[in-house]
Every structure is written in C-alpha cells, then in structure tokens.
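Which chain is which? They are A, B, C and D, in the order written, and residues in each are numbered from 1.
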C-alpha cells in the first residue's frame, strides 16, 4: 500500500538513503537539510551534519531554514565558524557533500554562477557560495537536481564547482585532493553515479514509474547506463510519517 | 644559503581585478594609530555612519543570510545617501537593501541569494542591468580565507579550493606549484576592507564583544578591516567582560563605534535571543521580486523611518515579544 | 588565462631539514578513516600510550611552561620505554622529563627553557652532548603557524617573522617575493605531528573538549596531528557539551583517547582550578641542574610511581587542596 | 633621601619609565612583567599588556611567573591564543616589545640561540621563542640586558632576533615591516637608543653613579654617545614601595 507523495518528498527520501551512518556530511539549505534530518531518524542516527558557518553535530529536531541559523547547532557538538568548518573539510574530515546548480555536465561539473556570458549575463545566478569548496574538498559529493535537458547539458556556461573536470586524472592534475569527486546525482527521475574508468555520469536506478528512456530523453548529453538499472523504491510510510510529522510539520517542502 | 634555489612557477592567474589593493604596511600604520585607550565609543547609527563611512569605501557585513545581521546599520547606511560602494558579496540580507538603493558598484562575489527562497532579484537587477562595473568570483571559503590572510597580517594564503574551475579564472587568485610538495595550490590575496559592520550579542562601551553560538567570520573580518562598527543587542559593563576574558571574540582596540541595537538583526534572528520574523521575511521575498514593490518596501521599512527606534515601534512590541526566545 | 605569467623568485632557503615530511593527501586519507561515531574513548594513560604511540614518532605537547600540561601522559610516555622521538621544542615542562630520559633525537626548536628560572640543563645536556642529531630553528609564532597551515589543510603559510636572521637560515623556511605585493615573505611549511598530547579542563567520553582561559595553541595542534590524546581534569556528560556547543574547542572526531587526569598538570597550574606547586617546581629546578640529581628526581617522581594515582597519593591530598583555587 | 635598591629594581624602574600610557606592550617573563605592572601603577594606567600565549589587557595585580599563567589574563580584556596574539602584532597593533638575549651587537641584533658553533655549540641557549616575532613585528623594541663586554659584542654568534640587521634600510630590504626596529636598550649601567642615520647604538643616559667611560669600557663595540648624556634618576620611594609592597611582596626580584 503506497502513499501519495510529492516530487520533493521523493527527492528527500532518495538523498537521505544515500547517507551512511557514522559519517560526516556537509549540509546545504533546503532538501539536504531534510534528507540529513530524515537519515538521522532512519538508518544513520550517528550522521554528523556539518554546516558551513560553524554548526557541527546538531540534532536536527527542527528544520533549519538557513545554513547559519540556530537550528544548525541545536544541541550540537560544536558551534565554531566558517574557517574551522572549511578547513576541517580541506583536511579530509568531511565524507559527503551536497551540491546543486542550474547546469551539470557529464563529468558532474556544476554551474551556479551565470547563464550566458559572464560579463553580460542572461541570468545572473547566486554564485558559488560554499559549493566550490564542497566540490573541491569533500570526499564524495551528491548533486540534487531537477532532471531536464536545460539542466543536464553537454557544455555548462560556467564551471562554478568542480566535478571530474575534463575526465580521468583531471582533478589531481589541477591540484584538487586525491580520490575526491562526484559520487551520486539524485533527481526527480533517477539516481546516477559515475563510471570508474571514464568518470562519466551513469544511470544506476530509476524512480518509481520512470523508464530508462525517459531519463535519456531528459538528459542533454550521452548518458552511460548501468548493465542492470535498479528500481528506486517509493518513500516508505515510515519515511513519510517522519518527514511530515516530525521534520516538516509546516509542510514547507511538501 | 642553499645553492639550489629555483623559482616557483605561476601556472595560472585569475583574470579578475583586485578590487581592493593590498597594502600591509599601510594597514599596520593605520592599526598603530588606532586608540588603545579604554574610551567610550557608544554612539547612534547615524553618528557612526556619518563619522566613519564615505562613498566609494570597500565595505563588508557579517554574518550570513538573516542570521546576526547588523540591519540597523545597513538601514542607516541606505538613508545616509552615501554610495558607489565596493562590497564583499557574501550572502547577507543587508545587501538586498544596498542593491535596491543602487549603492553598489564593484563586488567580490561568492553567493548572493535568499537561500531556500531562491535568487535575489535585487542582485539580478543590479548585475544584469550593468550597474555593477566589476564583478570578481570566489568561493565562500576563499573569500573568508582572504579575510584570514589580512587578519594574520600576511599578503596571501594558499588553498586547494577553486582549482580547475571558471570560479578561479574569474577571480584574482594565482595558481602556483608548492615549493615544498610540488602540488598545485591557489594563492588567495589578503582582503582588507575599509569598513566592516558586525552585530554581536553583547559589547561594552569600549567595544569588547561577545558572540553566542556560531561565530561565522566575525573573528576574521573584525581583524581584516580598517574601521569596525559594532552593533550590539546589549551593552554590558566592562566588569562582565573582564570576568570571562576567554569569551571576548573582538577586543576593544579593533572597534571604532559601538551602537546599542536591541532587535538589531530583525527581521533576521539572533542566537539565543529571538527568531526570524518569518511572515515579514516572506513578504519581503515577494516584494523584492519586482522593482516597484521593492521600492515601496524600501520606502516603508527604510526611508520613512528616521531611526531604529521608529522601526521597533512600527514592528510593534507584541510582535517582537512573540519572536523572543523564552528562557528554558 | 593571463599571458603575463611569471615565476615567483625564491630568494633564500633555510638549510634545516624538514624533520616531518608534508603529505597533505596522506593526512586527508588518515583523517577520513578516523571514526566519526560517538564512541567511548576513555582509557588509562598506559592504554593510550601503548595503543597510540610508537618509537620514532613525531610528537607534540601543548601548552607552555608549566601551564595546562599533560604531565600524566608525559610521565607515562617516559615509563613506556618508547624512544627516538622527534619533537616540537616549544618550551613545555614535559620535555625536561623526555630529555632526562634520553628519548629525543630530532627537534623543531623554538624555545626550551624554564622561563624565569633560566636555561633547561636537561636540554643543554642533550644538545651539547650530541645526542640530538637534527635541530632546526624557528620562532615561536612560526612553529605555531606551521601547525595552523596543517590545521587548514594547506602546504604552507607566509609570515613576516624570521626574515633577515640566522633563525631563518637554520630553519626549513623559504623566502620568496610575494606575487601580489612584490614584498619578501617567508613561507612556513605545514607541520603535521604524529601524536599530540593536550590537557583540558573538561572533556566528555567521546573527546569533546572545553578549555578555560587562554587556549594557547590547542586549537591548531589538535587539528594538526594524526593522533590526539587528551587528558582532562573532569569527564563530563555529553549533554553538558551539547548545552554550550560554542565552548567546544576540540570536537570529538579529532580525538583518539580520553584520559581522566585530575591534577593532571601538576606541578604546573590549571586555569581556574589550581596553582603551580612552586616549592616542588623550585626543587625540580635545583635538581635538574646536574645529571645525577635529575636522575634521582626521575626515579622518585616518574619511574618509581606506577601511575598517576600513585603520584597523587605521594604529593598528598593536603598539598593538592592547598593548591586548589577556592571559588570566589 | 634615596633608599637602597638592588640592580634588578633599578632595571625594572628604568624599563617601566620607558612605557607610555595608552599603548600596547608585548611582555615577556621576568623584568618586563614587573616593569609593566609598575608602569600600570605609575604613569601608564592604560598600558595594555599583551602576553604571547593569549592574555590581553590584564590588570597585573599579582606578578605572573610565566607568560602563559593565569595572571597574564587576570581580569583581562581577552584570553585567546598564541596565533591571535602574534597575528595582532604582525598586523601592527603592538607598539612596544621587550627582548633579552645572551649577546647584542651595535645594530641591536640579538642572540639567544647558541654560543659557539650552531652544530657543535659551546652553550646551547633557550632559543628564539617569541623573541624573533617580537623583534620582527612590534613597532619599537626594548632590550633589557646585563652590561658587559661578553654580551655587547662586535659580532654575535647567531642572529636570533632582528635588530637593524646590517644597518639602514636592511630591515625593509629583508621584508620586515616598515618603520619597525630597536628603540631602547636598558642595562644595569645605562639607557641607549639608536642613531637615526646610522642605526647604531647610542648612549643616551647613564644610571646613578655610572660614568660614560664605564659604559664604553663594558661595551665590546664602538658605542655612539649622545651630545648630552642625561642622568637616570634613582628609583623613587613611590616606585620602590609599589614594587616591594604590591608587585613583588615575596621579593623574587629583589
């Protein structure tokens, strides 16, 4: 008996399930906050949420509205500042990082800076913020995206945040820390990973009711497809109950 | 001396200009002249802005979003009519007001937006119209590390952020080969702001400050500016500071003005003291989407109010008490 | 990319070796593997030293002189018989014991002495006898900034200290021309220690630590080491940590072992808790002047005592209560 | 009516008088601590003592025994850490700095590292500590020394802490901050400054009962002498009373 749920709720549940217990995760505003909170209440009670302006190890009882607000260090382990957090990540302590953007390419490079020309932009976007830092120094990054051809493109207008750059070896060649890079892309259609050899994006599993063809149609570059594409399960009753009753009772993300 | 001296290759240089030049010896000279005496620096927002800010200055606000914002200083700055500022674009709500008043010309940009509420339309209008003449890109950490370099009194600091990206290409960083490890690192130039605005939980009249909760980049920015204007929820006796010297994050000698500003972060939040005024912020989010409604917001909430007291009266005692966090 | 790329000239290189090589990616890999779970890390001094320290390690102690010293860990280290350590020579009383036990081979040296009581004879005997095989000079700030570089995850940090001196010539720093200002600066290589020992006022069983008063270089060293052994005057409930997260200077995930060590800094002082045992320290100062009396001191106060409890018993309850600071 | 006093007490009083009200001063262990405490109780109530391990603006009621002890931030303005203090100095906030050493040359360069060869030392000294940093970044440094030919030498065995290095312009050429350098040398015989042009040490005033000739005899390099050499006055009754009754009642520095 599956319940009805919104696309956001599905995204939150999928992102939540990626997180592993006893790891650290850099949490940005919005869906990652709900996903981390859900993960703490499900499979990852020892997930350590890290917020860029200083909150570490909060118990996410109330949903933060911003990456600096009081809830990001609610009953936290530490409340320091942005330098401490970013340096902790640069030292290799942060396993997961969540990212978003207006455009992504097959190597997981992200654009959140500008659509069109940098000097004469069609749309000026909010900019890197901590995105570039998370993409540079976290071990594994997870992009959360709306899946369509305008967003999944052959060539992004501006490379704000590093994915695998131009492919195998490019991150190390640029000086980025060893063995880091994109890990998953979670969208309203599917979950993708990256091919070990070519470092190109690869479809791993599709969301309920979505076909491989639909994913390919909505992707603006040639997408690799795993030999066996799995099926993501619906949000469970338990997940939805926690989300709706405990994490987001006001329905901000319904 | 070692005979095998070699050069450090510069591998890449960002195209962006240094909006604020680095002059460490000038900074030292300025800091030497700042008073070290324990004098009374309390004054109004208007006095502080009149005395210490001039058009064209490079200015910075701490913290982020709507958290611990020196909003009373930002509103007074708008009312002052001073303009042509160069700014750190680090995502603070204050900038929405400055953009709406067309006061910004050059930006060291990392993130300007409304977080969960999306893109800042004020920023978009300013940038897309061409009223911003210089725009240099950085990551968030990179900008803060630039403050950190200045706070340490050194010309640059290395980082492993920004490498390989257009963010670096449009910055003023330089990529070099590390002379110790041979690995590539980006060098971030120190950033010394002319005037910094920081809101704190408590300060004494001399400017000794305490902050509760996360400290954002207050430590770094307070030490990376020539002039520092503090607004504080509470003015406390210096005795209280001296009882817990390990809580002082900003010592008085860094500070030029202390403004008493209860509910000074409104409509934003203040750690342990009050929550964000969500209904007001949501209405701001709607109004900022179009220029005419934003102009009306500015008239109602900035220009038509002579000072912070008038704003507090307008928001209303009941509303502010409702936002206040009750002691557990 | 800018077409005017040039090199950064290296103007001078210190002759000193890098006693501890810089491997930032190795450090990252190590840090990744450290547990992030909230597990119980409490253990005895002996368990901590047995488990986490091996001969030849590069080790560091915080704070300075006789202030907030992890003395119970230092004594246990001496008793362990491990040796051939490489150390940071940053003026801590712990080193007197290590020199007396001939456990040190290489030093990054800034100051080793007894402050107002003069030169450390233990250090003199070790250095002048040639039992120290490598000795590299630094300023105090330079050494701490080397920790800071490691704590930031970067390979070096610039400074304007040490320029023009023999201190620089006998260091492993490099002098370069700043690519932003053209001024000369010294680059200090990051220093990642294998094992760091820090004594704190309070910790929980997971290793979350609070320090009262000055923090010395605890923040930096805790983030610049591969293994961190904490001794704490008090073990508190994690709830107490979570009530004031802004007081956590060392978060648990940095920590490998937590040792409960009341009066752990004796004969030194502990901020707000107890004063230095001046008579004992003065008698130590006399005894350290000659090898035979120092050996007798070591026998009496280190080797003949199986653990910290035995030392506390020997010093005596009355003496310790006399040193204890009474609440005002 | 002059009281009897010890050589240390004279040094303390002379050093104390050099300090100006409303300035910052980097205080090291020993005589500078007593001098700063005395200055706070005499002409410089607003003297801000700064200790390298984190103490700022203490009220020096009890004599600190070490630069990190609790008295260095007794009722202080701030208690931070060594980085904050050293960076504050590097940013130009610290006016005075006290220094000492085993040897000093005519340019005020100091040796506190080694007598003899660095590799095979005759005497290994305690090392730079914060000395080099104080000498690098404070605006004006004051050396406190015992005055004899073994200490005031033509060539120091090791240049631990920078004075004027090799003379005019040498500090700036080395990259040290502009307009910084040695200001005074206070000894048991006299007070010296530096010649504006040549940057060489110059006798300014002699202690009670000391002649210019005695100073020259005890100096191992050619000492410049001011046109008018002043006479330092005895410690006053008030100075001695404060020192003995308030600052050092146990007579550690008698």
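Couple of notes before you dig in:
Methods note: contacts are C-beta pairs under 8 Å (C-beta built on N, C-alpha and C of every residue); 3 or more make two chains touch, one makes a residue touch a chain.
Predicted model, so just to flag it, every value in this text is computed and none were measured.
Between the chain pairs A-C and C-D, more C-beta pairs are in contact across C-D. Per-chain Cα centroids separate chain A from chain D by 57 Å.
With centres taken as mean Cα positions, chain C sits 39 Å from chain A.
Look at where the CA atoms of chain C average out and do the same for chain D: the two points lie 28 Å apart. If you average the CA atoms of chain B and of chain C, the two centres end up 35 Å from each other. Residue positions of chain D with contacts to 2 or more other chains are 55, 73, 79-80, 83, 90, 137, 177. Contact of a single residue of chain B with at least two other chains is seen at positions 24, 145, 152-154, 159-160, 183, 185, 213-215, 245-246.
Chain contact topology: the protein chains form a pattern that is neither a line, a ring, a star nor a complete graph. Remark: the chains found to touch one another pair up as A-B, A-C, B-C, B-D, C-D.
For chain D in complex with chain B, the residues that touch the partner chain are 21-24, 46, 48, 55-57, 59, 73, 75-80, 83, 87-93, 95, 137, 139, 177-179.
Residues 29-30, 51-55, 65-70, 72-73, 79-83, 86, 90, 109, 113, 118, 120-121, 123-133, 136-137, 158-162, 165, 170-171, 173-177, 252 of chain D are the ones that touch chain C when the two sit in their complex. Remark: chain C residues 1-2, 4-15, 18, 22-24, 145, 152-160, 169, 174, 176, 178-181, 183, 185, 187, 189-190, 211-215, 245-246 touch chain B in the complex.
Here chain B touches chain A in the complex through residues 63-68, 89, 91, 109-113, 115-116, 119-120, 123-124, 127-128, 130, 137-142, 144-145, 148, 159-167, 170, 175, 183-186, 213-220, 269, 271-272, 275-276, 278, going by the rule given at the top.
Contact residues of chain C toward chain A in the complex are 24-25, 27-32, 34-38, 150-154, 208, 223, 241-243, 245-246, 248, 251-253.
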